[in-house]
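One chain, subunit A, appears in both complexes that follow, with subunit B as partner in the first and subunit C in the second.
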Partner chain A sequence: MELFLQRTVDGLSEGSVYALLALGLVIIYRGTGHLNFAHGEMALFCAYAVYQFGEWGIPIGIAVVMGMGVGFLVGATAEVALVRPVARKSAFAVFIVTIGLFQFLNWLDGAIWGGQQLPNTGVGSKQISYPSLFPSADTDFVSIFGAEITIKSLGTIGLVLVLSAVLFFVFNRTKLGLAMRAVASNADSAKLVGIRTNTVLMLSWRIAAAIGALGGVVTAGNAQSVSQSLMFSVFIYASAAATLGGFDSPLGAVVGGLAIGVIQNLTAGYVEWVGQEMKVGVSFLVIVAVLLVKPSGLFGTAKVERV
Partner chain B sequence: MKSLFTIKSGGAASWAMRLAVAAVLAALMLWVPTRGSDSLIEVCTTAFTLMAAALSLNLLLGYAGQISLGHSAFFGIGTYTTAVMVTRWGWSPFHTLPVAFVLAFVVGVLVSLPALRIKGVYLALVTLALGMVFPQFIKWKKLSWLTGGAKGINDTGFKFTKDNPTYEIFGWNPWGNLRGQNVKPFYFWVGAIIVLVVYLICRGVVKSRVGRSLVAIRDNSTAAAVMGVNLPVTKGIVFGLSAAMCALPGSLSAIRTGTVTADTQLLTVAGSITFLVIMVVGGAGSLWGPIIGAAVYQFIIERTGGWTEPDAIPALFRPFFGWSKTAPGGGLFAIALILLMFVAPLGLVGLWRQHSVRLCRVVPKPAGTTTISVMAAAPAAVDETHTA
Partner chain C sequence: MTLLRTRGLTAGYGPVTVLHGLDLEVAEGEIVVILGANGAGKTTTMRAISGTIPRAGSVEFEGHDVHKSAPDAIVRAGIAQVPQGRGTFPELSVEDNLKVGAFVRRDGGGKIGADALRWFEVFPRLAERRSQRAGSLSGGEQQMLAIARALMSRPKLLLCDEPSMGLAPLITQELFQVLERLNKEEGLSVLLVEQNANLAMHMADRVYLLETGRIVASGSAAELSADDSIRKAYLGF
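Right, the complex of A and B next:
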């Protein structure tokens, strides 16, 4: 029982990170219908930036806000300068551009910070490990029914729940949220009633990238280091989460993320032949199964094709 | 657009041009393995590997419009089929090529089954996940009795022994010495043959009825289905064929390097992205695109590979890349990929087609020239009805 509780909470904590990235994917997909393949790398760039802020002696609380600011900028630049102009040409061009952005950002991380894991005393890092948002010493845990739940896990889950609540409020109770929903449902009509669709789209990319930045920082904090390959698998898990929840539903992204985290941790823990190294296989099966059985996901709206 | 020369397709001038291109290619193909330096031969062989892989991706993505980010997995299937069969069951390396081809075909068709229901970015997502799963699957503990786990497999290469025939032509040996020294030209030729085979298969498919239905699926799948294209069968076969062709260069890489591990760059998603970059830079949806793309890609990667220290960079480029801690190749191609989408979505071949017209225009043969008398009679009949 303790083990089950332990694994579930660990799964929820891991899933929170996936939920953060999946939220970004969903916000962009809702607005523009594009799947942003560079989302993980945008988050990784911000995670590197937060490391750099830490090197300059900025405390993590401020550094993470600045990192989200970097995400804000990266997201806006990507949308305005790259995606919007080619979106007029074809969906394939957008796909290629996001792949190009993926590779460019990954290369840029290596070009600026080098290919090794950071922090690394070999290249003169002042920090010992990647700054964590929550207390993460060995003694920082609470006992619930005998399971040792770390403050870090609880903090991560709490962070996602608070953020979801804020986003829920923004999407459903503010003018901005109304405009975003209008653009998502019909961009042309939205334009006709006076909504500045371009501003709204740019804002969705900015919000998505900033949330992704937070996800990147939490991922790096959990791994205690940041490296160029950090976000590859996390991106797949986040995509699986978005697929499971439905690509146009923010609620689905959060539920999907938490579910993927729990499913993965429980199968890796209890099903002996899956093991830790085939975790990504579980995500793969979830993606394939959801797309085959219910392509709209748990909370998404089914797409109606018109000829 | 005005052009300097105008020549007719099928005329003497056009044939002379084709002959000149063929002669230059043939001369290069003979010069490199016999007179070129060892490193040049190596680079060319790697380029052949990339060419074949990008050609296979081009058939699926460039012609049929089915996005795949999982071709590294098919490449890896070729690599591991050869490695396993050579080391575990003692097959001769080249006999494993057909097995790899068939195995990858089957896996490709299986992957196409979900692809029949989903399209666009979702297909990209599924294949991306496939590309991510493959290295993990190889490293899986349950399979390590077969695949060697994370350590990989050694001694997968072709054995150069004293018993091998030499195949000399009047004392001259263009394929290198199969008895042990100077083996690089041999792999060069194997690579060239694989590229030729893959190119001919692609050409055969593209120029046939199937190829036209592929383009129809890409441009408008609903209309294609209405026109009588059997979507599931066509997609399944092209998926399988593309996967099968991608396994051939994979096998070659196992034979050539002699060691395989699941973390080799081309076996991970980075490999899929490399194939995609080559295809798009060269020109998606054209037969020569991936070939030119791979040559350009390998040339630039090779040239800039050592640019990790400011002193190693030529003075002309130092201001641009002097700050970078890694080689600029990946970033250069990422920028090229994005820029091409703005200026030339059809890649280098597309650019060439667009601008070569200014120099020389080739007028294509009018369609159906063999039945010209029938065509000539038809308008007359229309005129008669009008006058009547």
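Right, the complex of A and C next:
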């Protein structure tokens, strides 16, 4: 029982990071219909930036907020300079452009912080030790029903829950949120009611990138180190989380992320032959199973309209 | 007084010019109908007025030149468009659809809420389904919602693009009665595109006949139906 609780909480914590990244993917996809392949790398660049701010003596709390600001700017630059010029021509071109951005950002990280490794190989890329957002000494845990739950895990989960609550409020209770939902639902009609759809799309990219920045910082902080390959697997899990939850549902992104974290931790812990190496496979099997039953994901809306 | 006046309105898609210089007018409190065959450019005319496609020529609204204005500025000026087909937001609830309709308004939630209640009274079917997703409504209900949504911006001029498309005759009549009532009681001006000439002529103050992007005839409903050649060629009765 203790072990179960512990593994579940650790899984939720791991999944929280996927959720943070998945949220950004979903926000961009909903608003624009684009898949941002560079999302993980945008987050990583911000994580490096926060590390740099720390090196300059800026307290971690402030550095994180600044990092989210960097994310906002990276999102803005990517959208204005790269995505917008090609978006009108073809959605596929946008996908290719974000792959290019992925390559570029990873190279840039390496050039600034990484030494001489080949970009994108991840092999031997330089590890830099990274400040944790939460107390993470061996003694920083609380006992709940005999299980040792780390402060780090609780903090990560708490962060995601708070952020989700804020986003839920923005999406469902504010005019900006209403505009974002309207553009996602019917961009042509959104124009006709006087919404500046371009502004909304622009904001989607920026908000998503800022949230991604937080995801990058938490990932690096929990690992207590950062390297060029840090976000590769996280991005894959985040994409999986968004797929599982439904690519157009922020709630789905959070639930999907948490679910994948928990499934992986439990199967790796309890099913002996699965172990650490195979745990990825299990969550993907679950996703395929869910998609067979519900093709639009757990909370996604199937785009079927009555005619 | 003239509410909307276009002079030499030209518009199209990319290299293709669809409208070849339209001179249109809608006076305050008028219901004006545009008739024309499929592909004549009726929808394009609506889009050119609402600023959702590039256009040239002059568009004056209440004496101000709006031909360079972006769609949101045009909505703010008091023109609302109900597009052809489904103009609703299928993933949003009926209530949220109405709220979005009031997006450009700055006069606070109370008045907006009161307006929504008012349209629920006018369209009781919508009231029953207020928390349902718009995408789950029937075609007629969606058309009502699209009109209510457009009215939420408190327009002076309503552009209505084939509201009767795909609707049962009874529902169409209901919709047109609502439009006529709003026109009579509140002085709402309407620019209406219709295929159903017979129906539209009844409520029209004036009619424009559009053929391949040009106005080929205009006048009161009585004048046009008195002209045999026009009646046979365009009105089909």
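The rule we apply is simple: the second predicted complex is superposed on the first by the 279 of 307 C-alpha atoms of A that agree within 3 Å, B and C clash if a C-alpha of one lies under 4 Å from a C-alpha of the other, contacts with A are read in each partner's own complex, and residues count from 1 in each chain.
Convention: contacts are C-beta pairs under 8 Å (C-beta built on N, C-alpha and C of every residue); 3 or more make two chains touch, one makes a residue touch a chain.
Worth saying up front: this structure is predicted, and the values here are computed from it rather than measured.
In the superposed model, A:A91 makes contact with subunit B only, not with subunit C.
Counting residues of subunit A touched by each partner, subunit B versus subunit C, the larger count belongs to B.
With both structures placed on the common chain, the touch criterion links A:G194 to subunit C but leaves subunit B unconnected. In the superposition on chain A, A:T301 contacts subunit C only, with no contact to subunit B.
In the superposition on chain A, A:N222 makes contact with neither subunit B nor subunit C.
Once the two complexes are overlaid on the shared chain, A:A182 sits against subunit C while remaining clear of subunit B. In the superposition on chain A, A:S153 makes contact with neither subunit B nor subunit C. In the three-chain superposition model, subunit A touches both subunit B and subunit C at residues 307. Subunit C makes touch with subunit A in their complex at residues 50, 52, 70-72, 75-76, 80-81, 83, 86-92, 96, 99-101, 103-104, 135-139, 142, 149-150, 153. Those residues of subunit B lying in contact with subunit A across their complex are 65, 67, 114, 117-118, 120-122, 124-126, 128-130, 132-133, 136-137, 139-142, 222, 269, 273, 276-277, 280, 323-326, 328, 330-331, 333-335, 337-338, 341-342, 345.
Listing the residues of subunit A that touch subunit C in their complex gives 175, 178-179, 181-182, 184-186, 188-196, 301, 305-307.
Of all residues in subunit A, only 34-35, 37, 82, 85-86, 89-93, 95-97, 99-104, 106-108, 110-115, 232-233, 236, 239-240, 243, 273, 275, 277-278, 280-281, 283-284, 287-288, 291-292, 295, 307 touch subunit B in the complex they form.
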